[in-house]
Amino acid sequence: MGKTRLEAFSDGVMAIIITIMVLELKVPHGEDLASLLPLAPVFLSYVLSFIYVGIYWNNHHHMLHAARHVNGGVLWANLHLLFWLSLLPFVTGWLGENHFGPLPCAVYGFVLLMCAVAWYLLQLCIMSVDGNESMLKRALGSDWKGKFSPFLYIAGIASSFWMTWLALSFYVLSALIWLVPDRRIERVVNSAET
Amino acid sequence: MGKTRLEAFSDGVMAIIITIMVLELKVPHGEDLASLLPLAPVFLSYVLSFIYVGIYWNNHHHMLHAARHVNGGVLWANLHLLFWLSLLPFVTGWLGENHFGPLPCAVYGFVLLMCAVAWYLLQLCIMSVDGNESMLKRALGSDWKGKFSPFLYIAGIASSFWMTWLALSFYVLSALIWLVPDRRIERVVNSAET
Amino acid sequence: MGKTRLEAFSDGVMAIIITIMVLELKVPHGEDLASLLPLAPVFLSYVLSFIYVGIYWNNHHHMLHAARHVNGGVLWANLHLLFWLSLLPFVTGWLGENHFGPLPCAVYGFVLLMCAVAWYLLQLCIMSVDGNESMLKRALGSDWKGKFSPFLYIAGIASSFWMTWLALSFYVLSALIWLVPDRRIERVVNSAET
Amino acid sequence: MGKTRLEAFSDGVMAIIITIMVLELKVPHGEDLASLLPLAPVFLSYVLSFIYVGIYWNNHHHMLHAARHVNGGVLWANLHLLFWLSLLPFVTGWLGENHFGPLPCAVYGFVLLMCAVAWYLLQLCIMSVDGNESMLKRALGSDWKGKFSPFLYIAGIASSFWMTWLALSFYVLSALIWLVPDRRIERVVNSAET
């Protein structure tokens, strides 16, 4: 079974998710700054979610590059990841519309947590298909980012009801950790190809 | 004629269908649990439809992998399938918004039934193009799932006006039957390739 | 320059056009037949437009299969076609919401006419790039469909203000003419490949 | 690392951006000309933005054709460009709904400016990856369009609060400059291939 359609379908779904989020930025009726300013929280949550989908797309790109085979289990693990990512536009809109209220903030963190769990399961599936020769397994190494970020989301969920700005800081911190370029997979794939 | 664009277009349409369904989850104005709870039926019907589109995408992937040629008839049979799948966001939203009322429940089952019919026609088209050498024909065997699931949809439609939870159980049951991995096509394709 | 991205982008845009048209089918609030019936004209105009986008996608598939090269002119002629196709969801929704009123009916025909004009220009561009060796030119022959259908759209626009059902019949007739399989291009491409 | 998925993802996002902009053309309730005419500014701003996304897609096609390698930095520079492009539907709708008011006009120009900046950064990233052997660097030459158009956007932003029609003229002028076919990249790529 080929990886091509899995990549194409995932690209399509992530491209749509990243783009329909902007539909939550409802065009205001007024034409002055006063009608634009209430959109600031929606805009900021859009930026954060855009970065998250970008990170997932970027890592998905790398992960499937390192995968040798896919099977039915990988297809479903991938759909499971896309399901949680597809809830991002909803929670992003809810977070922004309510100016980062406690419950929207916690639910946003919960969806991020479930995306991380789905990502972890997808990694397990791909590594089990490739077995001992898995490039991905060698590339990941200790995978401290994958193991650390769920704790940030849990910390964010917990602190949502106490200080929402702290919760948001945890989500931003996790995004920053992932944004820092991670050359592990590139290095292993390159050395395997040469 | 190549399969590539047929696959790309179908991937695109199914990716959009699976993603715009989430737009029916309208962002609530309140920020408490009370404003989130009314969305539960919409969310549950979203999950069910997500799984159905996932099943169709997954099986589409396998079916076209086993197809050797496509012609104009296959293109139109495929568009016919996409047409009925494209109605899923509408009936999903209607089902959820009306808390699983009898008529939305029956119409939902009708669209599932028509998807199954369109799927069957697409299979016939692909097998007739490939003729006696059809890998798909050998792979399908008795195709009991394809023959059995329409009866589940019909049973669901019939019971919608009597007990809607029973109708929904039929739809969930059919999804579960298809979710169980089906190695027929993978096996035949693999043996043909070796 | 490759055809691959032109095909991929066109597939993407047409896949989105065909799918967002269904968003005009607004989920009704009631759950009985009385709340579903007012959607019948929107549904019928959706079916007609779905078939039209399907025809364009199908023919686009064939036309680019017969094209040898693309250049900047072809890219823009293609974008011009996608522009008019992108207006179909709008005119489809307007046609359906107003139960096939005269002006929506005429505007619908106008957009179909402009799509046909854009299609004709795209054909010219592709044939001029390929020059005398153009497979497409040989495949098209007299191209009576391409020359005849604009008259049907003009007849439809003219009769919109007089008898809207007649205008709609012209649009349906044109769709039927195009639906009849057209083996010209397939035949020429096959003979060129063997 | 391959360019294929970067192209596929960008095609997907740009296809969606260009298509969801048409959703800002809300279907009017009336069926006469009087209900259609208020949409004229929305339609005109849709045409302008469609052309801009078309230009970016077209140039993106050429730029990546001339790129030899992509790395993580290029992926993020590309996402950064897609982010600003994704704001086009919002500012287009705002511009049209307010009949080209001063602030919407300036914000529209600001998003165009940021797209141009993001484009410039993406170019830098691709050229730095390919180093001295960069086809893109040779193809660009003095790149007077890329250097000149930001000044047009800045002039547009500045004149928005004074004469909005002048600001719009600057945006239209910049689009026209880019529309004029630019054979630099095609020429260099062709000479490299022969």
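All chains are identified by letter, namely A, B, C and D, in their written order; residue positions are counted from 1 within each chain.
FYI, a residue touches a chain if its C-beta (ideal position, glycine included) is under 8 Å from a C-beta of that chain, and two chains touch if they have at least 3 such contacts.
Chain identities (UniProt): A, B, C, D = TMEM175 family protein.
Bear in mind the structure is a predicted one, so any value in this text is a computation, not a measurement.
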*Equivalent interface positions on subunit B (TMEM175 family protein) and subunit C (TMEM175 family protein), same or different at half*: different
*Find the chain most remote from subunit D (TMEM175 family protein), comparing centres computed as mean CA coordinates.*
B
*Between subunit B (TMEM175 family protein) and subunit D (TMEM175 family protein), what is the gap in Å from one C-alpha centre to the other?*
37
*What is the distance, in whole Å, between the centres of subunit A (TMEM175 family protein) and subunit B (TMEM175 family protein), each centre taken as the mean of its C-alpha atoms?*
26
*Provide the list of subunit D (TMEM175 family protein) residues touching at least two other chains, using ranges where the numbers run on.*
8, 12, 15-16, 20, 23
_Touch list for subunit D (TMEM175 family protein) against partner subunit A (TMEM175 family protein), complex_ = 1-2, 5-6, 8-9, 12-13, 15-17, 20, 23-24, 71-73, 75-76, 79, 82-83, 86-87, 89-90, 93-94, 97-98, 101-104, 107
*asked:* Residue numbers of subunit C (TMEM175 family protein) touching subunit B (TMEM175 family protein) in their complex, please.
replied: 7-8, 11-12, 14-16, 18-20, 22-23, 25, 27-33, 36, 47, 50, 54, 57-58, 61, 65, 179, 181-183, 186, 189
